[in-house]
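Scrolling down, you'll hit the structures one after another.
What follows is chain A paired twice: with chain B in the first complex and chain C in the second.
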Partner chain A sequence: MTTFATYVITLLCLLLPTMGYCYDLVSEVKDGEGALVENAVITATPLSGEIKKPEKNLTAEIDQIDKTFVDFVTPIMVGTTLVFPNSDKIRHQVYSFSEAKKFEIPLYPPGQGRATPVTFDKPGVVVLGCNIHDWMKAYVYVVETPFFAKTGKNGKATIKDIPPGQYKIEVWHPYIKKSSATVKQPVNIGKESDMKVDFVIDVKKALTVRRAPGSIGGGVYP
Partner chain B sequence: MFLFVNLAAMANARSIISENLIVEYRVFNTIMDNRMRQISESARLLSMDYAFKQSIFSVDNKTLISIIENLRQRINADFITLVSLEYTVMADTIKPDLSGKQFMSRALIEKAEEQGELSSITIREGGYYQIEIIPILAPDPIAWLVIGFLINDTVLKDIKNLILAQISVFELDSGGRLKIVASTLPEGLKKLLFGKVKSANLSVEGNQSIILGQNEYISLISPLEKKGGSNLYVLLQRSMDDVLEPYYRLRTRLAIISLIGLLISFAVSMRISRSVTRPVSTLVDGVRQIEGGNYDLHIGVTQRDELGELSNAFNNMARGLKERDLVSDLLGKVVSPVIAKELLSKKVELGGEEKEVTILFSDVRNFTALSEKYPPTIILNMLNKYLTVMSAIIESHGGVIDKYIGDAIMALFGAPISHPNDVDRALNAALDMNEALEKLNVDFQETGIPPIDIGIGINTDIVVAGNMGSAHRLNYTVIGDGVNLASRLEDLTKKYKKKIILSDSTYKKIKDSYKIEQIAEEYVKGKSKSTIIYALIGRVGKE
Partner chain C sequence: MFSLKHVNQRVKMLKYVHVVMLVTVMFCQAASAEWADWILNASLDGGFEDNTNFGIEKYMRLSDVTTSQSVLVGRYYQLGDYFRLSIAADLKAKEYKRYDGLDNVYSGATVALTHKCGWGLEAPWLRIHSSAGYLSFNEAMRDSWMYNGGLTFGKRFSERFDMLLSYNFIYRNGKNSQGVAGFMGNPFDQVGNKGSVVLSYLLTEQLLASLGDSVYYGDVTSTVEPGDFNTFKSFTKALIRDTTFNRRLGTYRFEALANEFTAGLSYALSGHTSLNVNYTRVDGYASDLHYYDNLVSTSIKYSF
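Up next is the complex of A and B:
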C-alpha cells in the first residue's frame, strides 16, 4: 500500500524542479526458493546523507479489523505519527516492548480517534501486539529515509520519485534471516541500468501465535 | 502334573510379561510425553501473561527472579530459567547469580528457535530434568522460558502406579559405568543393578532376563525418548514372581483344595467301606458260624440301609434256623427221623392217606414178671438199651418207629415213604433184631440182667397213614385192621413158640427167599375169617 509519505515525497519532487527529473525504483523480492515475498520493505538512502526533513507532520494509520492489525507491515519515516482506529466491535489494546518505541494504549473502544496517536521518533523495528488477542501482530518499520516502499503479493515494490544520485538500497522483512544479503550500494538513481534492484532473501518461519479457526483462542505456532 | 502346569505357567508368564513390557514402554513414553505436554501447556500460559511480559524489560533483576519464582510455584516446576534472545541467563530460580551469564546450552535454545519450542532432557547440578523451552511472544519472541521438572523416584513411582512395571532411568557413560537417575526399585535391588546392566545389555533387542537377588526380572531396555543430548535409557522390569503370584496363590489353593478333597474322600470311603465291609464281614462271620451249627448268634448291625435289612433278615434266619433245628432235633427224638423229616418238609395238617404198609410189632416176653423182680432203674436201663438197639436196626432197614408202647415197639415199613421192598425190609429187620438180641443178652448177663426173649409179628395191609389227633397236638401214625392183626400175630408167637410170625398178606408179598414155615390157619381175635400164619425162621443159605 502506498503510504501517505510517498505522496509527500512525490509532491516534493514536483516542487523542486531544480533537481531535475525524479526516478522510480522498482524492486522485486524473492526467497531462496524463488517464491515472491510480500511485505518486504525496500528503502533507498542517499549516500550523501542529506535527507530533507518533511515540511508537514507525517501521519499513518494501522487499523484493527476482525481482530487483525491492518496492515501487517507498515514502513514509516522517523517522526511519523501513527493513529490506531478500531474497526471492530470490541475493545483492543496496543502495546510494544520494542526498543525503538515502547508504548501501551490501554483497552479502547471501537471507532476513529479513540486511541492516543503515537509518534515514532527513532528508527528501528517496532512489533505491535494486543494483550487480549495473542495472535494479533503488526510490524512498524521506522526508517530515516523518505524513500521506501513495501512489496505486494507480486513481490514487487516501487519507490517513486527518487531524485537522481548515489543511494544505498536495503531490504527488510519481519522474518528475514540474518544470513540474507540486504544491502545493495551504490545504486545510481538516474542511471537506466540501476533502476531495477532485486533481492533474494532468506525468510524464516515466524514464531507466532496462530489464530485458531473461529477466531477464538490460539496456540504457539512454529 | 504340577511340574507340567508349572512349566506352562512360567512360559505363559514370560510371554505375557514380554507383551506387557512393550505396551508399558509405549505407555511410559505417552505418560512422559503427556507430562511434557502439561508442562508446556503450563509454560505457555505463563509465557502469555501480559504483566509478566511487560515486567521482563522493566524491572530489576531481583524482582525478575522473584517473578519467575512465583511462576515456578504456580506450575510446581523444579526450576525456571529466563533466557534472553542473546542466549544469556536473565534470571534463574535455582542460582540467582547466573544472571548475565551464558545459558548452559545455547544449542537447546537454538533448537527451540528452529522448532518454536522444545522438549528435552538436561542435566544441571547433577540432576536430570525434563525441560520445556518456550518463547515469550510479545508478539515476537522477546525471551525464552526454560522450565525444568526433575526426573526422580517419585515421578517414576507415579508412573509405576499406572503401568505396574518397575521403572529405572539410567545412563551409561562412555566408560560403560552405570548411573541410575531414578528408579522405582527398592534400594536393595537398585544396588544390584550395578554389574547387571552393561553396554552389552543395550544392544539386546526385545526382552532380556535380569536376575536381581533371587527373583527373575523380565526386562526391556529402551532409549528414553526426547532425551536431548543425554544418554538416558529406560529400564522396565517385571518380576516373574509378581506375575506368577496369582498362579502361585492358585496353585496353593488348588493343592489345599485337592488335599482337603483327598482327605474328605478318604474319610468318606473309609466310612462307606466300614459301613459296608464291617457288616458284610460280620455277616460272613455269622454265616460261617451258622455253617458250623451255631444258631445262637445275633448280628448287631443297626444301619438303616440294605445291609441293616440284610442283617435283620439274617438274624431272623438264624432264629428261624435255630427254632427249626430245635424242632427237628426234638421231633427226631419224639418221632422217627423219617417222620420228623416228613413233618418238617410238608405242611403239617390233620388227615391221612390210604397206603399199603407193613407193620412190625415186637414185644418183650414176660416183661411184667421181669419188672416185678428187678428195681425200676435197672429195668429202665435195660429197656432203654434194648429199645435203642432195636430202633437202630429198624431205622437201618428204612423202618419207621411209630411208637413205643411200654416194652413193645410198633414200626412201619412203607409209611410215610414207600419202598418197593418194604416187606423184605421188615423181614430182614426182624431177623436182625433177633440176632441183635442174642448179643444184647450177652451184655445183659454181664450186668446181671437176665436174658430176655422177644416176639415179632408182621402184617401187611392197606391202612390210613397220616396225622391224627387235634389241631394242637397230633401224631403221625397208621390206623387200620392191619395194625391190630400185627399185634395179634405178635401175641401168637407165645402160643406157637415162634420168634417171628407173618400174616398171609405179608407172606404173599415176599420177594426174597427166607426159611419160612406155615404154622396154622388161625382165627384171629376180632376177625371173622381165618388166616394162614407163617413163622419166619431165617434167611436162605444160613442156618
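Up next is the complex of A and C:
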C-alpha cells in the first residue's frame, strides 16, 4: 500500500507541470533609497522563446479624467487594441510620435467610443500626449509576453498564472536610469525559492509640466 | 515717437486686428470650428503699492493697500492641428483702502489666435491677441476705454523651463476729464508700447519661480501740487485737477520710459489652483525725472 501511494504521488509530481498548473510571481520594486516604486512594469518572458498567442483579441483602455490620462502607465501585449474613452466634458486630441507606434486621434468629444481605437503591433515604449493640454502625458509599454504586471503604490506587482519553466524577469519604469539592473534570469517558475523576484532600480526625479497657473504668466500652453 | 499721425496709425491697426479677429470668429462659427475647452481663470489678489500716483518727489508718493478680483470666461476653438482661437470675457475689480476714488471695474473681451509650430509641449507658438474694454472708476474723470493689441511668442525648453516674449500696443481713451485752464487734452488719453519677457522655472513639482521684465515707452500720469501747475506747461499739455487722493492735486500726462521688473513664486495647491507671491518694481524716466513704485502682492489663482 505504501509503495502504491509513493508511486501515485511521484506520478502526480511528474504530471503536474504538463497538466497546466500555473504559478503567481510576486515582485517588489524599490529605488536606491529604499522607497517603493509605483508604475514599474514587471515582465516574465519564457527562455524557450515559446510565447502562446492569445486566443481572443486583447483590449485595454486609457481614460481621460480631469484632463489627465488614467492610467499614467499601461502595459499591454503586442497586438492589443487600446480604446481612449473621454470622461471629461471637454475635447481631447491624443497623439504619439514614438517609434513603436505613431498615431493621432483627431479632436473628439466626451463619451465612450468617440475615438477610433488604436492597435499596438510593435513592442516598445509609446509616449502619449494631448495636443490641447500639453501637461497630459502617459506611457504605454508594449511587451511581447502575455505575462506582465504593474506595481501599485505599495511597490508590488503580481504576475498571475505563469506556466512552470525557465523565464527572464525584467523591470521597466518610465523614469528608470540606464545604470539600473533590469534583468534577472534564469528564474525557475514553479520552484518555491524563485516565486518572489524583487528589484532595486535607480529612478530619475522627473517632473511633469505644472498645470496650475503661474504667478506672472508662463506655465502651460494657452 | 508718438506723433498724432503715428498714434492714429497704431489705433487704425488695432481696429484692423479687431476686425480680423471678429471675422475669424464668425468664420469659425460658420465653419463649425470645434470648440476644444473652456476658459475659466479666476484670481483673488491682495497687495501693497508704495506709489499709487507715480509721484516723483518723496512727499508726493502715496501708498495704499489694494485688493482685486478677476475672472476670465470663454472658450478655446481648435482650427485644425496647429491653430487655436480663444474668445473670452474679462471682468476685473480693484479696490483701494485709502484712495477709494481709484476703485475700478474693468469689463472687456479678448480674442486671441495662436499658432503652434508643431506638436508636443516643446513646440514654440505665436499668438496674436487683441482686447477691448471699459475701465470705470469711482472717480469718473478716470473712466476710459482700453484697447490692447499685440504678439506673444512662447517656447517651452523642458518640463521645467519656459519663456514668453511679448509686444503690446496699449491705447487708452479717457472720457470725462476737463483740463485746467492753459492746458488742453486729457491725461487719460494715453498710448504706449511695451515689450516683455517672462521666464519660468519649475523648482519642485509644486513650486514655480518666475522672473519678468518689461520695457514700456509711452504715456503715464503723475500728480503735482497746484502751485506747480505753471511750471509744468513746458512739460505737459494735459493736466487736470484731481481730488482722488483726498487732497488738491493735479494729474498730468507725460511720456516716460519705464522698466518693470517682477519676481514671483507660485505654489500649486492642486492641478487647478495656485498660491502666489509677487514683487514688482517699476522705474520710470522722463527728462531728468525719475519715479519708482514698489508693489508686493499675494494671490490665489484658479484655472479650469
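One rule holds in what follows: the second predicted complex is superposed on the first by the 191 of 222 C-alpha atoms of A that agree within 3 Å, B and C clash if a C-alpha of one lies under 4 Å from a C-alpha of the other, contacts with A are read in each partner's own complex, and residues count from 1 in each chain.
Throughout what follows, contacts are C-beta pairs under 8 Å (C-beta built on N, C-alpha and C of every residue); 3 or more make two chains touch, one makes a residue touch a chain.
Note that this is a predicted model, so its numbers are computed, not measured.
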{"item": "Touched chain A residues, chain B compared with chain C", "value": "C"}
{"item": "Touched partner set for A:123, first chain B, second chain C, both or neither", "value": "neither"}
{"item": "First, second, both or neither for A:134, with chain B first and chain C second", "value": "both"}
{"item": "Which superposed partner A:210 touches (first chain B, second chain C, both, neither)", "value": "second"}
{"item": "Partner chain in contact with A:110 - chain B first, chain C second, else both or neither", "value": "neither"}
{"item": "Touched partner set for A:190, first chain B, second chain C, both or neither", "value": "neither"}
{"item": "Touching both chain C and chain B, counted on chain A across the two superposed complexes", "value": "95, 97, 104, 129, 131, 134-135, 206-209, 219, 221-222"}
{"item": "Contact footprint of chain A on chain C as seen in their complex", "value": "34-38, 41, 76, 78, 81, 84, 86, 112, 114, 116, 119-121, 125, 127, 154, 156, 159-160, 162-164, 198-200, 202, 204-206, 208, 210, 212, 262, 264-266, 268-274, 276-278, 299, 301-303"}
{"item": "Sites on chain A touched by chain C in the complex", "value": "66-68, 90-91, 93, 95, 97, 104, 107, 129, 131-135, 206-219, 221-222"}
{"item": "For the chain A and chain B complex, residues of the former touching the latter", "value": "95, 97, 102, 104, 127-129, 131, 134-137, 174, 205-209, 219-222"}
{"item": "Chain A contact footprint on chain B (complex, rising order)", "value": "44, 48, 50, 53-54, 56-57, 113, 115-117, 134-135, 137-142"}
